[in-house]
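Dropping the structures in below, format is structure tokens.
You will see chain A twice below: alongside chain B first, and alongside chain C after that.
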Partner chain A sequence: MRVVVVGAGPAGLAAARAAARQGASTVLVDAEPSAGGQYHRGENVVVPQGVEHLANTTVWAVEGTRLHLRTGPADAPDRVARVLDCDALVLATGAHDRALPFPGWDLPGVVTAGAAQAMAKAHGVAVGRRVVVAGTGPFLLPVADALRKLGVDVVEVLEAGSPLAWAREPAGVFAGRGKLAEIARYRAVLPRYHTRSTVVAAHGENRVTAVTVAKLDRDWRVRPGTERRIEVDAVCTGFGFTPRLELAVAAGCLVDKGFVRVDDRQTTSVPNVYAAGEITGIGGADLARVEGEIAGTCAAGGTPSASLLKTAHRGRVFAAALDRVSSVRPGWRTWPDERTLVCRCEEVDLAALRTAVEEHAALGLRSLKLTCRVGLGLCQGRVCLRNAAELAGIPHDADRVSRRPIAAPLRLGELADTPLTPALEE
Partner chain B sequence: MKVTVDGTAVLARPGQTVAAALLAAGRTAWRDTRGAGRPRGLFCGIGVCFDCLVVVNGVPDVRACQRVLADGDDVRTQHGAELPR
Partner chain C sequence: MVSGLAHPDVVVVGAGIVGAACAEALTAAGLRVLVLDRGPLAAGTTAAGEGNVLVSDKEPGPELALARASRERWPRLLAELDADVEWEEKGGLVVATTPEAVEPLHRFAQAQREVGVDACTLTPAEARALEPHLTPEVTTAVHYVEDAQLNPVLAATTLLAAVRRRGGETRPFVEVSDVDGERKVTGVRTPQGTIPCHAVVNACGPWSGSLTAKAPLPIMPRRGIVLVTAPLPTVVRHKVYDADYVGAVASGDAALQTSGVVESTRAGTVLIGSSRQRVGFTERFEVPVLKALARKAITLFPALAGVPVMRAYGGFRPYAPDHLPVIGEDPRLPGLWHATGHEGAGIGLAAATGLLVADLLTGRTPHVDPEPFRVDRPEVMVA
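Coming up: the complex of A and B.
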């Protein structure tokens, strides 16, 4: 039997290893030139034995258990097409940073925390010399520390929430005690760590030159009179993560509360389709690896050990607590002003969004998109649609925000030149 | 490895992405938006946001954070929506 794993981060690598160990013919598909995902970026990750690794390969469509691939340099017009059928599919497509809009967030030099980390880990390149890191969640600390190690002056690390919320999560603290102890690794940046604070504006003409930071109340509204201006040449921002659900949604998997619903065998609602890692809930690399091993084992027809299932359960207790402690609070909606872009691609500002809602009665996600073009640009709403729906007060579910039948950009020439079935030799 | 950025020779390391080479060379912006002509550069860094688009060897809409440079690549700023040559 053939198992195909999509995504070569910690979850996908573990899934591929487990599936190959069960004796399945295993293919690991990943868009990056080398395996490892964001977590292992820049490291020399060895692909498990017996696994066929398709690097530089984008899965741009899923039809049941048939995948449409393109292999070659990113966005090049002459990539090689391939159609791949499988008996079981493991989706481990991960997540990307959630960015929240504030005045000036579209200035060059304002980047996501993940961008700063990718540049630092893979290329040893710093996104600036004097940097503020702002957002929520424990991920801010390793990013700040990676910058510090490159000699960057990390002026402040601003956490919008309050880690004191962990006091209400004794079970989560116990389940995640190992993860929480890792914070000690980042002690060099801890003196610059401030809670209930964030960047509320970035200033500059053609790039960021300064930011305004402020204290926040419990709901993340700015506490008036607490604003301070800091000179910087870069800002790194990350307010948790958005799972990359396109392929799961295209495969028909049920999405629940923003994540792919799986049982304790990592089985989705679709037969022979499994999911592991951040698309099933944000829990970090350790949990992703365990889920991947369970998914790969089950996809290849094996049975995961009781201790593995127990470890996964413990990881999920921690992930659920992390989700509550690091949740984005509604006060962020007061940060953007009328001229702040909500949709960076189509350059739709908050005033245009409000006009669409108030004067044109765009009361659903689809009518909002068609009325003011929010979310219709090159990123297909990946960055803005969640934010736009919340700003407009429109209920949205993650599967509707992530419905992209063409899951990755494809040039028209490539689309015209698409084989519909696997090559004969397969 | 030698590549060209907007007509100027820039040294790049094998395995380096376009965005890494541009940042290392001191650039922060390499695209103008289609509407307001505003400068853009790196944003998400992992291929999701499409803000960092450049023209590589005459082909527009290439994500600078995803594209690994090849020796001799000709990279230039993308102005708005461009058509392939």
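Coming up: the complex of A and C.
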């Protein structure tokens, strides 16, 4: 039997290893040149034995358990087409970090925490010399620490929420006690850690040169009079994560509250399709690995051990608590001003978004997009659509937003010549 | 009782382009209109098309008459409302790429010219002068200067904004579960309560067949898919389509029909159609359909082969068995009016359709002959 795993981060690697160990012919498909995903970026990750690794490969369409692939560097004119049928599919496509718009967020030098981390890990390159890290959730600390190790002056690390919220999550604290203890690793940056604070504006002409930071109330509205100006040459922001659901939605998997719904065997609503890692809930690399192992084992017809299932359960209790503690609060919608770009690709500012809502009563995402062009650009709304929906007061239906029959761009000529069935030797 | 307009003269069900155009014309006639939609405004079929206002694809007959009336009315209506809805008189270019296709296309254009359509037959060189990236395989082409385009969502929401300014009301997210009345319409039923009224306009597009079991219509969804490229410098200037498009539109075959239709938008993206499939309300796309669209587009514009496709989207056209719109009062339930069945031409036909509904409903002389669109024609009233 053949198991195909999409995504070579912690979840996908674990899934491929487990499936191969069960004796399945296993293919690991990943868009990056080397395995490991964002988490292991820059490390020399060894692909598990017996696993066929298709690097630089995007899955641009899914039809049931048939995948349509292109291999080669993005944009290269000579990418190779392949159609792959499988008996079971494991989706481990991960998540990207969420940026919230504020005045100046589109200035050069303002980057996502994930991008800063990727540059640091893969190339040892620092985004700046004097940096503020802002956002929410425990991910800010490793990013700040990675920058510090590169000699960056991490001026402040600003958490918009309040870790005091953990007081209401005793079960989560217990389940995640190991994870919470890891915070001690980042003690070097902890003295610069401030809670209920964030960057509310970035200033500069051609590049960020300063930021305004402020204290926030419980709902993340700025507490007037608390604004301070800090000179910086870069800002990293990360307000949680948005799962990459395109392939799961294309495969027909049920999405519930923004994540792929799975049972304790990582089974989705579609037979023979499994999901693991951040697309099933933001839980970090450790949980992703456990989920991946369960998914890979089950996909190859095996039975996961009781202790593995128990570990996953404990991880999910922690992840659910983490989600509640680090959730983005609605007050962020007061940060952007009328001229702040909501959609950078199509240069749609908040005023244009408001006109679409107020004058055109565009109260659905599709009508909103076509009225003011938000989310229609090259990123296809991956960065902005969730924010636009919240600003417009429209429910953000992750299932509909992620409905992309062409999950990754390909050239019209590639599409015209694409094979419809696997090659004979497959 | 729900708040707002408690006693409308007319309830329009469906806030797509056709419902919006009906509501606009009815409020312009002085009626109090309430527009309901089970979803957001202009978010169904209207949000899934290219915004075509075409005369080129219609043979002489009632639909062409409606299309020409609509083509004339659209710019006037937009001027009256002082609205920018990306209206563009870009013109259409119908292209033949085989020797066999030349004669039928010329015959088709000749018949259109006889009823007054501006259809200018071009040599291959003239066609390539209009569209420099057009395939060298072109054997002949016909240029239709009247073909135009608009942004359908902007157009529909603009018409609905005019309705609100005139005292009408638009209420999204209200689903009509049935039309009340035995011998004539007395109201519409919604989960929030019954709204009394004496006239209802069924503008539910592909879903209009089942608005009420008292007056079913044989309207079926005919799915279409559009590919969208990344923004480009202008490669395509007109709406350009293959001469086989007309045959695909007129076909009633349930199987997949594809035909190359290529045009740019103001944002620089190129839209690539068209496909027609009768597959119910299925949203899952098949790779063979996407592939066929790509092939046909490259046949017309080989230079597009290197362009990235950014997304694909689909929608459902309201399709009547005889391919003609259904416009008029339903004899089975007086007070129930239909404005549906426009298939892929709803944007173009909406302006004249709305006016026709208002003409008929208020007893004015209709501005186009309503007879061919009547509800009780045998092809529609099968039962």
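The working rule: the second predicted complex is superposed on the first by the 426 of 426 C-alpha atoms of A that agree within 3 Å, B and C clash if a C-alpha of one lies under 4 Å from a C-alpha of the other, contacts with A are read in each partner's own complex, and residues count from 1 in each chain.
As a working rule, a residue touches a chain if its C-beta (ideal position, glycine included) is under 8 Å from a C-beta of that chain, and two chains touch if they have at least 3 such contacts.
Small disclaimer: the values here were computed from a predicted structure and weren't measured.
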State whether A:V125 touches chain B only (first), chain C only (second), both chains, or neither. first
Chain B versus chain C as contact partner of A:E347, first or second or both or neither
first
Message: Which partner chains sit in contact with A:H96 here, chain B, chain C, both or neither? Use first/second/both/neither.
response: first
Of the two partner chains, chain B (first) and chain C (second), which one does A:L410 touch, if any: first, second, both, or neither? second
>> In the overlaid three-chain picture, which partner chain does A:A31 touch, first (chain B) or second (chain C), both, or neither?
In response: first
Please work out whether A:G109 is in contact with chain B alone, chain C alone, both, or neither, and reply first, second, both or neither.
first
**Study point:** Which of chain B and chain C A:L370 touches, first, second, both or neither
**Key:** second
For this session: Return first, second, both or neither, reflecting whether A:L378 touches chain B, chain C, both chains, or no partner chain.
Result: both
Where does A:P77 make contact in the superposed view: on chain B (first), on chain C (second), on both, or on neither?
both
The shared contact residues of chain A with chain B and chain C are 75, 77, 346, 377-378, 409
Contacts from chain C onto chain A in the complex sit at residues 39-43, 47, 151-154, 157-158, 160-161, 170, 172-173, 225, 227, 229-231, 267, 269, 272, 283-288, 290-291, 294-295, 297-298, 304-314
Within their complex, chain A touches chain B through residues 31, 33, 38, 73-77, 96-97, 99, 106, 108-112, 114-119, 122-123, 125-127, 206-207, 244, 344-347, 377-379, 382-383, 409
Note: in the complex, chain B contacts chain A through residues 13, 15-17, 19-20, 23-24, 28-29, 33-36, 38-51, 53, 56, 59, 61-63, 65-68, 70, 84
Chain A residues touching chain C in their complex are 61, 63, 68, 75, 77, 252, 346, 359-364, 366-367, 370-371, 373, 376-378, 380, 394, 403-406, 409-413, 415-416, 418, 420
